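One chain, chain A, links the two complexes that follow: it is found with chain B in the first and with chain C in the second.
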Partner chain A sequence: MSRPKGFVVLGRAVAVPVSRVSVVAGLVLTVLLLAACVATLSLGRLGIPLTDLLGALTGGARGKAAFVLERLRGPRLVVGLGTGAALGLSGALFQTVTRNPLGSPDVIGLASGAGAGAAAVALLLPGVVPVPIGALAGAVLAVVVVYVSTGTGFRNPGRLIVAGIGVSAISVAFIQYVVYAVERDKATVLTAYVNGSLSARSWEHAVTIGIVLLVVAPLAAAISGRLALSEMGDETAGMLGAEPGGTRTAAVALSVVLSAGAVAVAGPITFISLTAPQIARRLTGGTGPHLMLSSLTGALLLVLADLAAQQLPLPGGVPVGVYTLALGGLYLGYLLIREWKKGTL
Partner chain B sequence: MSTTGLKDAMSTTTTGLEDAMSTTTTGLGARNVTVSYGGDPIVRDVSLDIPQGELTMIIGPNGCGKSTLVKTLARIMKPDHGQVLLHGRDIWSYRGRQAARHVALLPQNPVAPDGITVRGLVRRGRYPHHTLLRQWSPDDDAAIGFALERTGLDDLAEAQAGELSGGQRQRAWIAMVLAQQTDLLLLDEPTTFLDIAHQYDLLELCRELHREGKTIVAVLHDLNQAARFASHLIVMKGGKVVTQGPPSRVLTPELVAEVFGLACDVVPDPRTATPMVIPHASLTDGAA
Partner chain C sequence: MTATVVRTAPGGSGAPRARASRLVWFLIAGLAVLALAMLASIAFGSLPTSIGDAVDVLRGTADANTTAVVESRYPRTALGLLAGLALAVAGTLMQGVTRNPLADPGLLGITAGASAGVVSATAFLGVSGQWGTVWWALPGALLAGVLVHVIGSAGSGAGLVRLVLAGAVVTAVLSAYVQAVTLGMPKVFDSYRYWVVGALGGRDFEVLLSVLPTAGLGLLLALLLAPALNTLALGDESASALGARPGVTRALGLLAATLLSAAATAAVGPIAFVGLAVPHIVKAVTGADFRAQIVFSAVLGPALLLLADVAGRMLLRPQELMVGIVTAFLGAPALLVAVRRMKGGS
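Moving on to the complex of A and B:
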């Protein structure tokens, strides 16, 4: 039997294609991610100095270092990593389904829908329904409304974006109403639900997003091959036996769960799921949904944005969602102009 | 590995189905099939068998249901009523990949993903032969090599599919469905976006593949091309099969008038002696 080139082979039963450029990109992203993690833990007034960091991580943390690692920055960092990865993966799934960079969960109102759901259960019915369930319900509702109001499903990017912007606006208005109705004085609560924030995260949040990723990531990997085929159009994918209808439904469902999970722990952080898959795609120049690289890129982007949120000398503790909003807003503008020039909008 | 070796490898996957195959049909056929896109039926109560070893061409006026019929035969569209049978079993009782090892369809508008090479595109035709964890099979290289060679794309294997000319791109798609190594190849209007030289180029390729033993079904618009290249014609109108048979018997002035609403002479093609349609004038409304 000839040995396949460009495949990782385990015995007779497993042969998975892996391109060299993807492996290199993955390694580079991992190194950058580790560097960003170290910077997050060690920079600033409360940072653990680099010389003490290894000892602190291997269980020797005491006093201030222990507090910073176990209560302050440790959970915040892990939540950032998990949320970023979930957002990147969610975006890669949805953009592949819609075959359009703008067909991303944050652009089409999924994130703000999840935020509205989370706000509703957390503030209107505190303690009755868990926040993640509320986020999931909100995300599902947003997707259904967008799907129904396009009239053509997820295939027409122009309608998808218009419907999504409408759903986003309604969701944000609803969040603002809920926050002002319940918590008149707390502007910080509002920003957390509208923009997303990673401040004051606990290990509980980290566990929540970790479970979501552990459940969803293998399922996403399992449909990755079919998703790659669906890029060739439903008829081609269908005649190859890739069941494009079922694959699309599965990918949307997984994407919704990921976005809801991310919103439940960090609020609707926007533009990570829009930009991460696009960056991953450009890193390799290859085809396919780039699920692994999109997750890594998402994690890196969010950790970097949160590093900026923690360390930049802006007054009042600007939440991380504002940074991603500023960064991604520029990118969204660029994309809109490009698609408009191409005549695909 | 030679192509005969590949065929042996393939036949092992179809053992057990052989009994159900008759000598004259490919094992693919429609039984009282009615298909719609939710509204009025496009294909109405059609029954037919795809003949083994023929180069079949389906002709008919716009909207007659010819594309819909091949999509239904290729398990892309589900019939409202009736069944598509593959070796005696409803084609929807097969799993997708299983059916895709028997029937391939090149659709009208396949999309080449950004950044894909010709070889990468052709490799995707191997998907039905893979499993979730084993996305490679020992026959892959031989099948891909054969498909590239047969379509004359050897030298362009590492080129970006997006940078090919229209004729080359269509050949790349043909190579993808060839790599699929099916008994049967369905082509939905394969010449539509090609200039006339590349149309004949592609039809010649179909004829060569047919002579090498492939069973091919193509939807075609041009009557004279169909008459020249097909060994079997299926004529459709209003979602029904009007008639079928060899072009010399089927293509008559009466049939063209009835099906297309076009008055014409049918004379022998001076080069090939196949029937050739010389139009007079349209019989439909609006004609002078």
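Moving on to the complex of A and C:
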């Protein structure tokens, strides 16, 4: 069996797509991402000036720069990068399985389920169960409920989305119940668990999302080749030896873990996992899951949205999740109209 | 009125007379449930009083303290009555007009539009007090409703799921806007944070009076439209052949639904799923006749909302859980059940 053209084969299972367009797109995304990171660290009243930034990063920082880098913006930036990458990758995996841009973890209620799980263990049983475990349990439960209530598994995007709206509504109601039952400072806590926020993140959060990415990303790379084949339809993929059923289950499992990890550190930030894979796909014009590019795009989107959340002169500290909700909602509308004009949904 | 409604109800397979008397009994049962819900709503709360106390107060034989406590619950009971009626009738209308079993003012963006209207008026136009805000809920609700229908009918053919998706999009963008504004102006919006979840408590009769004309107009329109909706259910071609004008009926039906849900939202904040769940329960009892459906929705909607509100008061006693949260718990599973009945899904 010959590999599809433009794939670099590493070992027996791993085939990384490296067409020239993807490499260029990847480089451009990386440059933009670096620029966004520098802007995050240096803009604003507390920012580290560009001239001092390199020295602060390499030689160790002192005083105000150290505080900004090590406590204030450094962890927040790293958590943003990791969460964005996890969401982008999670979306790419799930959308490939459902073969529809709308079958994305945030649209089908997986993220809000994870948020409800995180809220339950963080607020109802503080210190008993680690937050990521709660998020994972919530995400798994949400996926199972959606899968069961559609009656047709993940095949029918319309049913998937409506079931997702229902699961989201229950999850948000549950989060509201927990927050009102436990917390006093309701508005900020509520919005952190319902919309997601990157404010006041610590290195602990960065380590959590880092571990999730380190474990899941290689596994995702390992199934990417077979996942690309499964897009050709079950029969073709089966004949090419891709075991479409097993590959899909594995992809969903990895996607759930990534989403749960992202929610555990940043709350259910919406629409990154919907938009990132779609942008990655447009950039290269090709088919296939584009896992690497989706992760880069996800990281870029989230860092940019958080930059806006930090620097825009809106009063009251609107969290990053509200920005992604607004932008992603507009994008979802565009996507729906486009799909309908084509008649694919 | 009820008698004429049930007597002219188109019979299914069985004898029309037996069916009519069955409906009368169901309606009596529904009214009894509603009466119990209202009694529970004035009897239970953060301060311990019982059904017996409430009955004593109604008779005028209770002591001053108990009377004061129970009477303080009259406005929220009245509001629950109005909001439940408005939302349930709006849901029935929307499901009939769009022939979409998933239609609900909350799912189709109308509630979010009303919220955005109220929040904008308070934040940027300096409007305050209930008399002012209700007028801003209406244009918001209308705009969002029109927008959802424009997005939902883009491209060829109008699918059943499309409107729900368009509603989800409009709701997402509008709720981001509402959150950004409310988080940004904490002082102005301390009361609105509460309102944004959907709650019956903490309001007075003035609120009720301010939305009463809008809701009354919507309900009147709904009752007048019911026969036309029955004709519409035969399909556009047959309806036109019978002299009906499907386009006009649809437009007026959606207008009535918008008026009703805007009034409910302006009064108590966004409450989802009452408009989705109640019509499904009602349809199981009444069958296809819209005249009966509207009457039963007007009885069972308030009963469900008031019971949800009482549950919210009991769950976290002495604190309360907003009724919007309780209805989401109760109503969202109804959506999950309805998903399986969706044809094709696209």
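Rule of thumb we're sticking to: the second predicted complex is superposed on the first by the 320 of 345 C-alpha atoms of A that agree within 3 Å, B and C clash if a C-alpha of one lies under 4 Å from a C-alpha of the other, contacts with A are read in each partner's own complex, and residues count from 1 in each chain.
To be clear about the criterion, a residue touches a chain if its C-beta (ideal position, glycine included) is under 8 Å from a C-beta of that chain, and two chains touch if they have at least 3 such contacts.
If you're wondering where the values come from, they're calculated on a predicted model, not measured in any experiment.
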Residue contacts with chain A in the superposition, chain B compared against chain C = C
Which partner does A:167 reach: the first (chain B), the second (chain C), both, or neither?
-> second
So, A:217: does it touch chain B (first), chain C (second), both, or neither?
-> neither
Thinking of the overlay built on chain A, is A:305 touched by chain B (first), by chain C (second), by both, or by neither?
-> neither
A:240 contacts which: chain B (first), chain C (second), both, neither?
-> first
Which of the two partners, first being chain B and second being chain C, lies in contact with A:232: first, second, both, or neither?
-> first
Which chain A residues contact chain B in one complex and chain C in the other?
-> none
Interfacial residue positions of chain B with respect to chain A in the complex | 71, 74-76, 95-100, 103-105, 107-116, 120, 124-125, 127-128, 130, 132-136, 138, 140-141, 180
Of all residues in chain A, which touch chain B in the complex?
-> 1-2, 4, 7, 9, 12-17, 99, 222, 225, 228-229, 231-236, 238-243, 281, 285-288
In the complex of these two chains, what residues of chain C are touching chain A?
-> 102, 107, 151, 154-156, 159-162, 164-166, 168-170, 172-173, 175-177, 179-180, 182-186, 193, 197, 272-273, 315-316, 319, 321-322, 325-326, 328-329, 331-333, 335-340, 342, 344-346
Contacting residues of chain A [partner chain C, same complex] | 102, 145, 149-152, 156-159, 161-163, 165-167, 169-170, 172-174, 176-177, 180-181, 186-187, 191, 195, 270-271, 314-319, 322-323, 325-326, 328-330, 332-333, 336-337, 340-343, 345
